[in-house]
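First chain A sits with chain B, and in the next complex the same chain sits with chain C.
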Partner chain A sequence: MTNDIRTEVRIDAGAERETPVTDTPTEEQLERLEHRMAGGGVDVKSTVAAAAAGSPRRGDTNAIALSLEDAGVWYGQHQAVQGVTFDIYQRATTALIGPSGCGKSTLLRCFNRMNDLIPGARVTGKITIDGVDIMGKDVDAVQLRRHVGMVFQKPNPFPMSIKENIAFGPKRLGLAKSKSQMEEVIERSLRDAALWDEVKDKLDEPGTSLSGGQQQRLCIARVLAVKPDIILMDEPCSALDPIATLKIEDLMRTLAKDYTIVVVTHNMQQAARVSDWTAFLLAGEERTGRLIEYSPTEQLFTNPRDKRTEDYITGRFG
Partner chain B sequence: MPRQVYLKQLSQLQDTVLEMGSMVDRAVDRSMAALLDRDASLAQTVVENDHAINALNFSCQNEVIALITQQAPVARDLRLVVSVSAIMTDLERMGDHAEGIARIVIMMQDEPLVKPLIDIPIMAGHAREMLRDAIQAFVEQDVDAAYRVGARDDEVDGLYDRIYRDLIQVMIGDPSTIEPSTHLLWVAHNLERIADRATNIAERTVYSATGNLPQMDVSSY
Partner chain C sequence: MAVAPTTDQAPRRSLAESVRRRRTGAVWEGIVEAVIYATGLLTILLLIGILLLLGQQGLRLFFEMDYPVGRFFTFGNAITENTSDPEKFRFGIMAPLIATGWVTLVTLVIAVPLGLATAVYISEIAPPRVRLYIKSGAELLAGVPTVLFGFVGLFLLVPIVRETFGWGAGGMSGMTAGIVVAFIAVPLIISIADDALQAVPVDFKENAYALGCNQLQAIWFVIMPAAISGITAAVMLGMARAIGETMTVLILGGGNSSIPELPTESMRTMTATIASGFGNASAYSLLRPALFMTGAVLFLITMFTTIIADLVLDRQRKRFSR
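Right after this comes the complex of A and B.
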């Protein structure tokens, strides 16, 4: 396996958005970009039709972005997550919900090997992207994280200008050959993160000078700048006010047209609003999280299959 | 137990359905008593009391909206709340049908009956039982009981067919009976609608309890 995970761990090589990242954009890419810039939001018609047919709103169940097979996580002697098996679909938003300590954030961190950074953490089972086990020793975690980006609970812009925040990743990865290409990347990323109009006149100001919601969108733009396939979001709105939260949620719906999003949230209404699929995790007394139910979001919130899911989402827990 | 206030609000909604059910049942009972006794003043009471039924429906619908806004119910709770709203609408319409019968009684004054009242009271008895059983099934979220209500709609439809044919015969035999016959036909039609809406309540009960909304009976009226 080469160091570039993209050449090996190619997410649906035939899919429309798969093109060498260092090349100039193709006609097709430009078209999609334009569509996105024009604010092409959720396709209402197909969403409504899919909802009427009782199927998930989006996400092609034939195109799997990430697959878990008996995945588990150990912190030393303690097993935090056990026996999780499910597929995450491409170009859809999947929400992980469950009470505190159920292992949802732990599981999310497996998807880009953030657990590597925790001493004593060990992941068992298989987590694959296009057939390649991402826990494999020959998979470069840094390369993996380029394809599986992450947005954290608290916005964490680098202590540099707005522009430099976005340019940081592409520069290190050599994704932009010239100054003008880099400017394109910056503008595209900020537009896709619905932040461009608010910051285009102050790109040289520090990222930390922005409001909390803007900082979070800056962090999303920073992730988009390296053109990931999957975006992980760990409680992305918990530090934001309701208006900023709704902006992020809107953005998530838009981004899910082109990216696979996995979001951990404590806010069940948010999961219901933004996701196509929802996974409910629960830990027993031994504090080991297990997957209880994985369903299309509409089904999970109107007619869950498992009584434990029902008890949790209706607030009859404890 | 968490969410005490919320759970109390949910159970209050069910109590309201129970209360509304008994108000409508009484309205049907009184309108039939008014017909049998030719008691226009009792019929007038039914007409006047319909305002209370409408008002209870209106306040309940507001409570449903408030509950959805404030508590954001999901899953079984959401299905229950939405079902309460649908059932209250059905009950309100059933009240209108009882009022309809009462208005016919007032309209009939002392006009002689074109045929003895036998099938119509039987039909009313069935319709009221269906109403009471449907409400009971909903409050207890009893799916089997709900299906039994649905199965009874055919009996009522059968009785309605018979009354219809009998009255047509009467009208053919003596055209001067067309108006009084039509009055009785309207009464029977109102009862048929009441039974049909009881079936709707039974369907909503199944939805609330299981998430599936069955089509129990396709009425031909």
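Right after this comes the complex of A and C.
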């Protein structure tokens, strides 16, 4: 009986799926999107000004979420990142920008020790979260990743239902004691990821049945379900269309009220729109990335301190 | 700047003219396509041919030689006697069928956990050098003729079984055969399951780790489910191997033609029955069609196993499609 209903639901959804599903923007989002498209190659400076008018920049310089001291990354004999020192502030969005190969993703992957998975990768220097040196011998990477969540470039739901995707983390970590508690976690995570209204009637469908943008929000919800302190995002919109990108960006602004977000992006406009602080990295000919400038986003894009930052944001290279 | 046309260039034609002339090589392409199509068709014809031959030769048992159908399917012994008298012929398929079942069961119980565990180990856990050694070892093992496994089993395993457990006929039993067939199936399972695990996108693993999984959780809850169709295929092929293996079970099974109630008894599987009986089956005996009929049943079993496996895989593919 139950089975029949489920099959029916699945068939219905399957019929819907025939036409390519994309995210439906709200009127207001559509307007902004049109404005953005019409602007074409608007310069970053006006974007950053507009974004600042929309929401004040965040980031209390007294509340440090993550602190880097002379951090470097080696892949075997090659040094990918060298001598990076700066602080990332709590409940703010920090963007890491720079041309391809500048080591921004590599650096991001240090924050939850994803580089541990790469044979031959070695991180030097000191990275501190909450006063704990995360590279320390006594720190278990599995433990660390419960506090530092990550969203990847390509939306990647597990081969299971929407519900099971969200429940995955909490189940492994034993975060929900009962079934009703788990339901609560699922609903809260999906609501926080601005996905609940779109999927509440089809929680048992495969996560892969959603559109690309929805899948990415599902992945964000999956991270939120584990209740991390810091969320790392590695080019979260690079595989998405403009509407889906807009939705994720809006979500990032909302989430920054409660979470510390670090986002890697190759899109300067995006950095200007969503971040409070921006770090600009650049690699020389030896392909070793270095931090060139770290400033409040508005300052970095309107009044950069370094000549190389200026060259990059005005599109002279990269 | 205008470039003067060089003489080695072909003259420029209009599209209409090109269409009229047809592409050079179109004929050649057509021939290649036809050959490929024919080879594809051949596999299907072969399949139908085998079934027709087995059926036509086997059904003679019932229609020309008046052997009762019920007796063939229920009689609890399979005596490969070369006789043309339906009254004296005592051959039923139950015993070889159950023997095949026992050997397959023993094989799977040993080979599936061992093969899958090894595949997971070399794919996800082992350092590259160890992975290389085990993988090459498995590939070499997969190439060893099975008759040699039979020999090795006869000289290494049978004495131990005889002295320690006293199973079957002097150590030769379904269990003995199953254990050795397991080692024939293991390299196959390792190889296919490893390929399936290696094909799991790296983002699955990264996502699992990023959500706070430890290695075993990532393997069990994410990597293995993602590779499930390949893993199922590995198990099914291992099973097909066990059902179809002939030499090893002939050497090590013990050869008893009656229904084995336990895997530890001496027994003769369907394949072993066919292989051992065919030599002394004369053209006019009942044995010949009976063995063909056994072959037909064997063929149908393997065919249904494959079809069921395909259906299972198809369902999983639909469910987990990306």
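Throughout what follows, the second predicted complex is superposed on the first by the 261 of 318 C-alpha atoms of A that agree within 3 Å, B and C clash if a C-alpha of one lies under 4 Å from a C-alpha of the other, contacts with A are read in each partner's own complex, and residues count from 1 in each chain.
Rule of thumb we're sticking to: a contact is a pair of C-beta atoms (placed from the backbone, for glycine too) under 8 Å apart; a residue touches a chain by one contact, two chains touch by 3 or more.
Treat the numbers as computed from the prediction; the structure is a model and nothing was measured.
Peer 1: Answer with first, second, both or neither: which of chain B and chain C does A:G315 touch in the superposed model?
Peer 2: The answer is first: A:G315 touches chain B but not chain C.
Peer 1: For A:N303 in the superposed arrangement: first (chain B), second (chain C), both or neither?
Peer 2: Only chain B is touched by A:N303; chain C is not.
Peer 1: Figure out whether A:P236 sits in contact with chain B (first) or chain C (second), or with both, or with neither.
Peer 2: Neither partner.
Peer 1: Taking the superposition on A as described, I'd like to know which of chain B and chain C A:G213 touches: first, second, both or neither.
Peer 2: Neither partner.
Peer 1: State whether A:F158 touches chain B only (first), chain C only (second), both chains, or neither.
Peer 2: second
Peer 1: Give one of first, second, both or neither to describe whether A:G125 is in contact with chain B, with chain C, with both, or with none.
Peer 2: Neither partner.
Peer 1: In the superposed arrangement, does chain B or chain C reach more residues of chain A?
Peer 2: For chain A, the partner with the higher number of touched residues is C.
Peer 1: Taking the superposition as given, does A:G98 touch the first partner, chain B, the second, chain C, both, or neither?
Peer 2: neither
Peer 1: Please give the residue numbers of chain B that touch chain A in the complex, ascending.
Peer 2: Chain B reaches chain A through residues 1-3, 6, 72-79, 210-211.
Peer 1: Okay, in this complex, where on chain A does chain B touch?
Peer 2: 268-269, 272, 301-304, 309-310, 313-318
Peer 1: Would you mind writing out the residues of chain C in touch with chain A in their complex?
Peer 2: Touch list, chain C to chain A: 128, 201, 203-214, 217, 221-222, 225-226, 319-322.
Peer 1: Report the residues of chain A in contact with chain C in the complex, numbered from low to high.
Peer 2: 112, 114, 117, 119, 141-143, 145-146, 149-150, 152, 154, 156, 158-160, 168-169, 172-173, 206, 208, 219, 222-223, 226
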